[in-house]
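There are two complexes below, and they share chain A, which is joined by chain B in the first and by chain C in the second.
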Partner chain A sequence: MSFRHLRAVTRKEIFHILRDRMTLVLVLFTPTILLFIMAYAITVDIRQVPIAILDYERSAISRSLIQQITAGDDLELFSQVDSFDEIEHLLIQGEIKAALIIDPNFSSDLFSLRGLPIQIIIDGTEPQSGAYAVDHIALRAEELINIQLTRQIQALGLDLDSIQPIDLRIRTWFNPSLKPRVDLVPGLISMVLGLPALSVALTLSHEREHGTLEQLLATPISRVDLLFGKMIPYIFFGLLNVILIPLVAIAWFRIPFNGNFLLYFALSTIFLFAILGLGTIVGVFMRTQAAALALSFLVIFFPGFFLTGIFFPIASMPEIARLEALALPGTHYAIITRGVFLPGVGLDILWPYGVMLLGLGMAFIAIAALFFRKKLA
Partner chain B sequence: MNSISPIILTQGLSRDFKSNRAVDRLDISIQPGELFGIVGPDGAGKTTTLRLLAGLLDISDGSAQVVGFNLKKNPESVKPKVGYMAQEFSLYAELSVLENLTFFAELYDLDKNQMRERRDSLLEFAGLTEFKQRRADKLSGGMQKKLSLACTLIHNPPLLLLDEPTTGVDPISRREFWNILTDLHLHGTTILISTPYMDEADRCTRVGLMYQGRLVECAPPHEIRANLKGELVEITPSDWKQALQLLEDLPGIIAIQTYGESLHILVNSVDEQLPEIKNVLHKHDIKYQNVRQTSARMEEAFISLIRQIEA
Partner chain C sequence: MLKRIWALVRKEFTHLRHDWWLPAFMLIGGAMELLLIGWATSRPITNLPLMVLDHDRSPGSRELVAALENTNTFRIDEHVSDMAAIESAIERGEINAAVIIPPDYFDMINTSSGTPTLVVILNGAESIPATEAMRTIEGVTREIGERIVLERLNLNQDQLAGFNPSLRVWFNATLSEALYTTPAELGLMLEFTILLFAALSFTRERELGTLEQLLVMPFTSLEIVLGKSIPVILVGFIDFILLLGITNLAFGVPVRGPVPLLLVLIFIYILVELGKGFVISIISRTQHQAFLLVLIVGMIDFMFTGYAAPVESMPEVLQVIANAVPAHHMLAILRGILLKGSYGKGDPEHHG
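Here is the complex of A and B:
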């Protein structure tokens, strides 16, 4: 180890980043851009699903059901139709995503407590919108039933409280309104902050492709100085993103940041060290930038997507995938970001993940240094 | 040769790539202070040899001693003593001339004062002083080569390994580059240079000819020229294309090269082949003039050697 060699490589690399506009943009802004793209692409807010209604009863009660259903902006009444054929036609045309059919005996069945005779048809090619329509129609129908039953009970002169033995109230902590982005964005942060790993993987193969590595290998620099010297600038630029990204999350996505920022910053530094170690391994093994890019996606981003528990719970994965997830820095860091943002937990809970990241980082660097040889072939 | 121990000594040095042997049982002994040129056709193994000697490739077989160290055991000990210049431009494009020099000065552990002194004198030496703030990728090809050489020289290495440093450089820059090399040579630096140019080979104290990974000839340029089998005739025919076709397969003719409108014909013996040449040209109504015997140059010597090996 030589401090001067380390500093020389670090400085050279910083000059390179600052003077190459593409690299600068890649390093500074792609995490933010990716955060926006993923946050909006993955959490599509479904609103105003168009539906058709076929009302066979046409009573006051059925009309109040229709009114109840179309009162909010979640469902939009595209048209009220007179026959089943019309529903089929509209579904095929794609004009509606779901249709509600109200039975001729709707009110009598309702009042005699025989059930709720309605039928919902959904477009199976778009199950998300369909399921959404079913949920919301059911919700509104329940409300209607409640209102109607309450009226009946009161008409019978009974006390409402005495006949409701179970009062089930579900409360969601940390994300009370269950907004999907509030849950998703802290997890996504762990993914987009992995992007500097891509840059560090590319920088080694960039030197190989441009022949500058040949000159560098002919000097007395040690392997560790060379690899660390190349990593340090990307840790630095990564930390700029560690500050920038939460600001975007708080200011734009309205994600509450309940934890300690310094703790988050410190753990993020360790995460960057680990993920850049992984990127360095990619750079050590790949000869060209194209290959380094492809492998980065294969070992860093795709597993980051599927295995780190951001979208799919790790507990439900097969054992081999769970083991692989343990070896990915993103898995541990996702727990950290989610913990720091929403419940605002501290080091007493997060320290094992920090230790894991530190261990992974050191293992990755050791592997990279072991396989990186000062030879051209 | 003499009692000083060689600065480069290889014995059976070989390097295999997947399917071919790029360098094949190379035995070279280079004394301190030599200006040694490696010539040979493309793919002969020149670059691989230089990379091996710079410690950039693993040795497949044989051994090499460079600046007193066993290259196989201590490749890293060799590096501070060697200045290696790769064939392709391999400096940092987005760094300035000065920043490139500083970068390499730090990697070679020059202290602050040494660095400043060395940098200034090399900029002066390479004629780059007024361009020192310019980015390396904004330099002309010739200036880039000189900057590469300056970076290679930053730590004052006793041994220089230069891989085709003047390829793709204009003649004036080439001459300047060679003035620098001559200067270094006169100050006692040992230089091993590969080159595709025969006039450059002529300027070396010794030349090694590589062919298919092997060193097939190794001697001072004048000896190589003197050993040339055959004699050289210059002739200017009225239709050189047809003349070339007719003469090529004539017995006793080793090689023909075109120089403008004239042909340089390498023959076994002028007395025997010249009448035959004239005869053939007469027969096909090709006029000719300026027939004269000239002295062979490295180029002819080189081609004739290759022909001999191939035959």
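Here is the complex of A and C:
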């Protein structure tokens, strides 16, 4: 490894990026743009779920239930219908996500505490909204039941406290209102910061596609210098994003940053090294940029999104997916970003993840260098 | 004209043959990817690590813990004996939730002498599992609470249908997650495949300097565009069929509606995405730029599909924008034909 050679390759690569302003802007700002898009796409609070109501009873009690359900912003009464067929039609059309059917014996069953004679139908093709509607309706119905229960308890001369036998106190650490945005934005950082890896894969295959790789190899520059020289500019641009993106997260999304920024910066550098290593493997194997692109989508982009535990808990995944998650730098880095942002933990807790990233990075570079040699020999 | 377009199509296929691994990768790799991602993401949330600090150690507290375990949502790692262990585990991110049962839990419930306080600590640093944990714990305690109230009121449980509304899920009776996640993931894969192929088509020729050669030949620009389109459409169609096969065979996603209609609509969708890809292709000077633009455009589309968050809950402005996003309509089509289909008139499954 020669420092002079390394610097020469790095300079050449930086020229490539700076030469065209659009490339520069895209390389610099794509991570931020994607963070914005994804943060807004994923963390929409469910509200205004369109529902239909079929009230077979039409009593004062059923009307008051309907009124309580539709008050507020949670559910939106799309229409109050007269027949089951209409509900069916609206669900198939996708106009409503849930339907509430109140049975004719609603108030008598409720008064005698025989049960809760309402039915809810939800659209199983998009059950998040439906499940939300079910929770909301059940909560309002429970209030009605509690009024009846209270009457009974008073009639029996029991203590009113006995209506609530268990007092559940839920305390949420690090994110008191359980807002998804608070932990998904730090999680997404692990994904968007991995984007430079795709660029590295592209530039390597670019040289091969244009036939300039042979020229480079004819110079006294060693292959390892070439690989590292290609990576360094993107580590540099990546580090600019390591500063920029937390600023966006803190200033725009109001995510608390409780940890040590220097520690975060250091661990981010190791992450960039690891993920760029993965990028060089892709670049070394693929002869054209199109192929490098396709492969980087499959091994870096999609898994980085779905398998790193940002949205889907790794504990619930099948064994194979869990193993792949372990080999993805994003998995370990997502734990680091969440840890630094929210609980603000230090190196005493995060060091295993840093070591893991370092190990993955070295393994990736070793694989890339090995095959680089073989493929060109 | 047809002859000239054919010549151009043949040229494109020569490229594809030369680079055969590119479509092969995209198609087979994409299929494998859908298999893995679909498999990993279409399961209910289970196995969340939970810690229990049981100060009571009574039949009542053991029953509560067993009820929590029976939901399958949790994996109860260990019963700890002090708060410090819980605090440290949450800080390390080792557990998603902890339940603390007070010493007089069973006693208070049995003698109706008070209301025991059950403390739950959630790890908010992972809000999705934490929310699931909260819902599960709330459900379990509500059920236990209801039973206790009924006992106190001397009501017979058999007479009571329960205070839960009866719930039915249409189009997906077992509420299988695969049925709604995998069609959306299929759409995402298909969109990126078409966009990538289309976006690279002109950019690549430009970068390698062969676009000028193509332009000086006696082809009209329409012929060139058509010649470039046909292979992409073909790849897109094959990709769709392959991915649909996987969702059907591996994840049991039915095709309830008319297949010809589905194919026609998918064809139109492929054309729309192809056009978008060509626009990117013409704007970008290098393949690198084209690729980064595909990422941005593709993710904006993904945001509006309704896969991650329902569009109805978005602000008004975004709902209007969503109408201009082809992928939004595509997912409605996929869900409509695959899951809803001819469901309805006279179908006994949901009448009753």
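Worth pointing out:
Keep this in mind: the second predicted complex is superposed on the first by the 342 of 377 C-alpha atoms of A that agree within 3 Å, B and C clash if a C-alpha of one lies under 4 Å from a C-alpha of the other, contacts with A are read in each partner's own complex, and residues count from 1 in each chain.
Following the convention adopted for this analysis, a residue touches a chain if its C-beta (ideal position, glycine included) is under 8 Å from a C-beta of that chain, and two chains touch if they have at least 3 such contacts.
Here the structure is a predicted model, which means the values were calculated and not measured.
In the three-chain model built by superposing on chain A, chain B fits alongside chain C with no clash.
Judged by the touch definition given at the top, the superposed model places A:Val49 against chain C, while chain B stays out of reach.
Comparing chain B with chain C, the partner in contact with more residues of chain A is C. In the superposition on chain A, A:Ile137 makes contact with chain C only, while chain B stays out of contact range. Legend: residue contacts after superposition of the two complexes on their common chain; A:Met317 is shown touching chain C, with no touch to chain B.
Applying the stated contact rule after C-alpha superposition, one finds that A:His210 touches each of chain B and chain C. When the two complexes are overlaid on their common chain A, residue A:Thr219 makes contact with chain B while staying clear of chain C. Once the two complexes are laid over each other on the shared chain, residue contacts for A:Ala60 go to neither chain B nor chain C. When both complexes are overlaid on chain A, the residue A:Gln128 reaches chain C alone and has no touch with chain B.
When the shared chain is aligned, chain B and chain C each come close enough to touch A:Asp20. Smallest inter-chain Cα distance, chain B versus chain C, after superposition on the shared chain: 12 Å.
With the contact threshold set out at the top, residues 20, 210 of chain A are in contact with chain B in one structure and with chain C in the other. Residues 2, 4-5, 7-8, 11-12, 15-16, 19-20, 210-221, 374-377 of chain A are the ones that touch chain B when the two sit in their complex. Interface of chain C with chain A (complex): residues 19, 21-22, 25-26, 29-30, 33, 36-37, 39-41, 43-49, 75, 90-93, 96, 109, 112, 114-131, 134, 137-138, 141, 144-145, 148-149, 152-153, 155, 159-173, 175, 179-180, 189, 192, 196, 200, 204, 208, 284-289, 291-293, 295-296, 299-300, 302-304, 306, 308-310, 312-314, 332, 335-336, 339-340, 343-344, 350-351. Those residues of chain B that touch chain A in the complex are listed here as 17, 51, 54-58, 75-76, 79-80, 82, 84-86, 88-95, 99, 102-104, 106-109, 135, 148, 151.
Against chain C, the residues of chain A that register as touching in their complex are 20, 22-23, 26-27, 30, 33-34, 37-38, 40-50, 84, 88, 91-92, 94, 97, 113-130, 134, 137-138, 141-142, 145, 149, 152-153, 156, 158-159, 161-176, 178-180, 182-184, 195, 198-199, 202-203, 206, 209-210, 287-291, 293-295, 297-298, 301-303, 306-307, 311-313, 315-318, 320-321, 324, 335, 338-339, 342-343, 345, 349.
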